[in-house]
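In what follows, subunit A forms one complex with subunit B and a second complex with subunit C.
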Partner chain A sequence: MTEQRNNIYSDIPAWLLEKNLYNDMEASASKTHFIRKTLKHISEVFENELFCEKFAGKPLFLQSIDPRVKLLTLIFYMVLSSFTSNIVVLLILAVIPLLYAKLSGLELKDYIRRSWLYIPVLVLVFSIPGVTSLFVKGSPLVTVLRPGVMGLQSGLYFSMNGIEVALRIALRAGISLSFGFLLLLTTRWSKITSALALMHVPLLFISVLNMAYRYIFVISAMACDMMEARYLRTVGKLDTSDNRRFMGHSVAHMFIKSHYLSEEIYDAMRCRGFTGRPVSCDKFKVKGTDIFFIINNVIIVLILIAGEHLF
Partner chain B sequence: MHIPDGYLSLQTTIPVLAGMVPVWAVAFRKVKKTLSSKRIPALALCAAFSFLIMMFNVPVAGGSSGHAVGAVFIAILLGPWAATISVSMALLIQALVFGDGGIISFGINCLNMAVVMPFTGYYLYKLIAGKSKLGSSRNLVGTFIGSYVGLNIAAIFAGFELGIQPLLFKAANGTPLYSPYPLSVSIPSMALAHTVFAGPLEGIVTTAAIAYIIKFAPQLFGQNQPILADEPAVLSFKKYKAILISLAVLVVLTPIGLLATGTAWGEWGTDEIKDKLGYIPKGFAAMADKWHALIPDYSLPALGVSRVGTTLGYILSAVVGIVLISGLIILTSKLILRAQKGNK
Partner chain C sequence: MITEQKNTLFKLDSIAFAYSEKEPVLNDLSLEIFEGERISILGANGCGKTTLLKILSGLIFPQSGEFTAFGDKIEQKNFSDKFSKVYHRKIGFIFQDSDIQLFCSTVYEELAFGPLQFGLSQELVKQRINETAQMLDIEHLLEKTPYKLSSGEKKKVAIASVLILNPDVLILDEPTSSLDPRSQSWLLRLLHTLGDAGKTLIFATHNLNLVPEVSDRAVLFDEDHNIAADMLVMELLKDEELLKRVNLVDDNYHACL
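Entry: the complex of A and B
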């Protein structure tokens, strides 16, 4: 059996049987990994957009709320999370977006991964050295170094206060992200910006923002092509300095390309009657359901404030 | 350098955000003069471009990689005001769409990366490069130093903003409410990371990019000289009135939090209010009495006052809160969806 297999393999050149040296697992060891990393980052831009689009169009709970009402409500929750320092209230604030997400048909697993498993974890890890007894005093809860060890007179320990500080920062970061993603995943980008326009943000600002958002995809595709072409033509290892030069030149080349693109876009807009003054055609009307939504959220906020006073 | 929400107090973020509004207004007016009516597509592409720069991975040292900000690059080509707008837009899209940098700390991130960085970098570049020829070594050295120092000053700003948090915002027992690192830690650590790693990277990428443009598209330089504007300027206060007023209200409200050094905002008991105001507002006293009546002594007496008892009390109250709020949210959802169907 083994012999037979060896026979089959003997027809295939040895280099084809070798394990691919440049697979993703070994990306950090390879000298071309940064091109691949850049490609990955750029493709994430597209992935993200497709992902958001999938949910924002569904006729479900949050999707059917007026974008202005939704924007203000969600931002209010973020502000509230910054104001409060009560862990219980923060925990409840962390649960609210999950509920809203579930009821709006979002995939909870993915939603939690996006909002809680990256930045809040990083934030927590970075704040750990800051919440030891070096910076936050209190009665010791977990002792790391006994007093006197390594020249520390009172030793190194974590107090309840310290742990609360770290939790508070991580919770706030996660809550803010959850509400931010909730807004994005249940509202199309164009609706978010027209809500901003109706809230008296200058139209010039809005139209630049809208165009920038759309052209991110155009120039991302351009950059993607450029990186792919380079990646496919790269054999073996590249010098770090060559890499840096290539990236610097790519940045410059993208600038030149996008500059000419902007002139062409301007000419195209002018041909279609653009006078230099943007106009908005969006109109929203606050419905009964929106008022109901507001009232309910006011009640929730009142419950939270009451909770804050009780504990 | 993208500061997420949670590290900074509202008393820092909101005033800075409010302060950024006039900066943006001025930036738009300045850019209007230099880019004339082409400004909308030009600015949009610039913002998209500066978003993309932050996606490009550049090797730093020993296999690690980072990304450049590119604010000084845009400032050298289109002027610092255009850099302010395009980097701000890129940061807004990053915060909203990718969760990179907080939404409430958006103003702070803009101050560091869209104002401090392009302006210091640009003027340093001007100072060093002087009237030297484009592409001359003096010009390129100016580009490098400008972008290197610009990024570092921005990082020191971020370190300062983080470092003042434990000084200003503490609970009654001295526990910091926001970022715990004092200035003596936050500034050196931010400065070290950026002088050694991110700074040289920013410098090299910016210089290589500028050198490339000088070689292949030198006509792009010098476009930031003023051209006559093609539409009358609208008084900026009128345009930004609504936002300015609402932000002003917020700014006026935030010092209330600063006063509350003893307890976190909104957690004052009647005694503390008396201390601060010299008297107890009548309505507040009545409210407080009602709360006392509802749950005496602010705890659940059945569970006792031991540590386990209070912990259980916390958990129980959290559960009750969550159930109550969940019920409300589910009810709202049901009713709204029903109304939605009814409309169709």
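Entry: the complex of A and C
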């Protein structure tokens, strides 16, 4: 047996059997931590899902509402925010999801951070050039350039009208996100898609949504494995071009893997009787609490519509 | 070749299949599988085991030769949606990678998917889900999303999603991969019971320890994608030279153990 083992080892280069002294490595540390950052972003996909599951399972206010009722109500609020131009009504609409979030046991600090801290702020910043006096006229409130400077006859300033336009855009983005997050945080994904199915949204569309949701995690896990493998073999700083090349290869690899996955998944579905027309099993019943929720929201909407003229 | 007085379920007559012209995976393959048999398809990696299982499952079709299943000639042009449903109701295919097989958002929906596609009533579907989950001890997983399960749990759910349809033929591709020893012995017990109940069991594996536990007959592929042997498992396992030739046993591998 020892002789046999020696035969196997004869194919292995000598350096591989020597103890490594690690004195041939001269590497500077990476300052950008590219791979670590990418790993962190991928793991956030999972954390986000776990965060949603944590609240969706609680037996609290919005969690106990029929998903169809909840879906329609929250979408209605989003549509309403797009139609109203009254800042006060928009502010009230921004407060409603916060109240619902509190009643549903969500962590308000985190909920506000997710809904209001990133996208609405970005929308506000990006809309600033569009609400200057170049596009929205009115009496000057904040002057940036005096009349005549840089060839601008009336100067460059922000009017109250302009600021209101920017606020409206940012508020609408924030309100839509708030209601969207509220729905996702208080309803399991499977219930949302079941509700869509019962609302006669084509089942094929729902199947595609479901599979995209399901396999984003499989693909994220694959990407995470690739990044970890790379991280373990990376010593020191890498060129930006190397990082770009690695990302390009990773994306191509993921694309090929996803294509293979999609074919295999379709085969697995066919094996269980799928012929292109999925069947759903969920049945929901509208309860007393749902009717109370509907009445409550109808009253709020009527007040808001009246407020459109009053405020 | 083993012949018994049983009904022929699958008959492959000189079939060939290639994913690309230069690399044929199956070539001039002839094989007969009988009702109630427990059969292992053996061979080294890339010898064509999974391709054969996919042909038997009606997922891909031979490019030449004749394939008959349940008395019907199977061809792509005849494989209508209606025929596909009837065919797949009889055959349960458990994939090697459970992640591929679990595509719904909860385990409950995963189990319900097959029965609903086949038009079972809601009440019957519910009853079957409860009974299957109880049998496989996965009741506590029903409301969970499949991607959060461990490998062993995923395998159990994948098996449950197929067993719930009560197929006559069960096809398993590397059934014990990703299972820990306890789950492996659980699966073997289950397969024994299903085999005793008259189900036809077809396995693809290169795990020789598993073969005598789950099958009576073995079909052995060599590395050139041809059938090197078709015999009783106990006879095959005694033929060490043959197993070495097809790369299922290796002197050095065993010397290192």
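The rule is short, and it goes like this: the second predicted complex is superposed on the first by the 252 of 311 C-alpha atoms of A that agree within 3 Å, B and C clash if a C-alpha of one lies under 4 Å from a C-alpha of the other, contacts with A are read in each partner's own complex, and residues count from 1 in each chain.
Convention: a residue touches a chain if its C-beta (ideal position, glycine included) is under 8 Å from a C-beta of that chain, and two chains touch if they have at least 3 such contacts.
Just so it is clear, the model here is predicted, and its values are computed rather than measured.
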item	value
First, second, both or neither for A:Ile163, with subunit B first and subunit C second	neither
Contacts of A:Thr38 with subunit B and subunit C, given as first, second, both or neither	first
Partner with the higher number of touched subunit A residues, subunit C or subunit B	B
Partner chain(s) touched by A:Asn86 [first = subunit B, second = subunit C, both, neither]	first
Touched partner set for A:Ser190, first subunit B, second subunit C, both or neither	second
Subunit B versus subunit C as contact partner of A:Tyr213, first or second or both or neither	both
Contacts of A:Leu72 with subunit B and subunit C, given as first, second, both or neither	neither
First, second, both or neither for A:Ile265, with subunit B first and subunit C second	both
Contacts of A:Cys224 with subunit B and subunit C, given as first, second, both or neither	neither
Interface residues of subunit A shared between complexes with subunit B and subunit C	189, 210-211, 213, 215, 218, 261, 265, 269, 276, 278
Contact footprint of subunit B on subunit A as seen in their complex	28-29, 33-35, 37-38, 41-42, 45, 48, 52, 59-61, 64-65, 75, 78-79, 81-88, 91-92, 95-96, 99-100, 103, 114-115, 119, 123, 127, 130-131, 135-138, 161-162, 164-166, 168-173, 175-177, 180-181, 183-184, 189, 192, 199-202, 204-205, 207-213, 215-216, 218-220, 223, 240, 243-245, 247-256, 258-259, 261-263, 265-266, 269, 276-278, 288-289, 292-293, 296, 299-300, 303-311
Contact set on subunit A toward subunit C in their complex	1, 4-5, 7-8, 53, 188-190, 193, 210-211, 213-215, 217-218, 221, 261, 264-265, 267-276, 278-281, 283
Subunit A-touching residues of subunit B, taken from the complex the two chains share	4-7, 9-10, 13, 24, 28, 37-49, 51-53, 55-59, 61, 63, 65, 68, 70, 73, 77, 85-86, 89-90, 92-93, 95-99, 102-104, 166, 171, 173-182, 185, 201, 204-213, 216-217, 220, 230-231, 239-243, 257, 264-267, 291, 295, 298, 313-314, 317-318, 321-322, 324-326, 328-333, 335-337, 339-340
Touching residues (chain side subunit C, partner subunit A) in the complex	54, 57, 59, 81, 84-85, 88-89, 91-93, 95, 97, 99-106, 109, 112-114, 116-119, 122, 125, 145-147, 161-162, 165, 251-252, 255-256
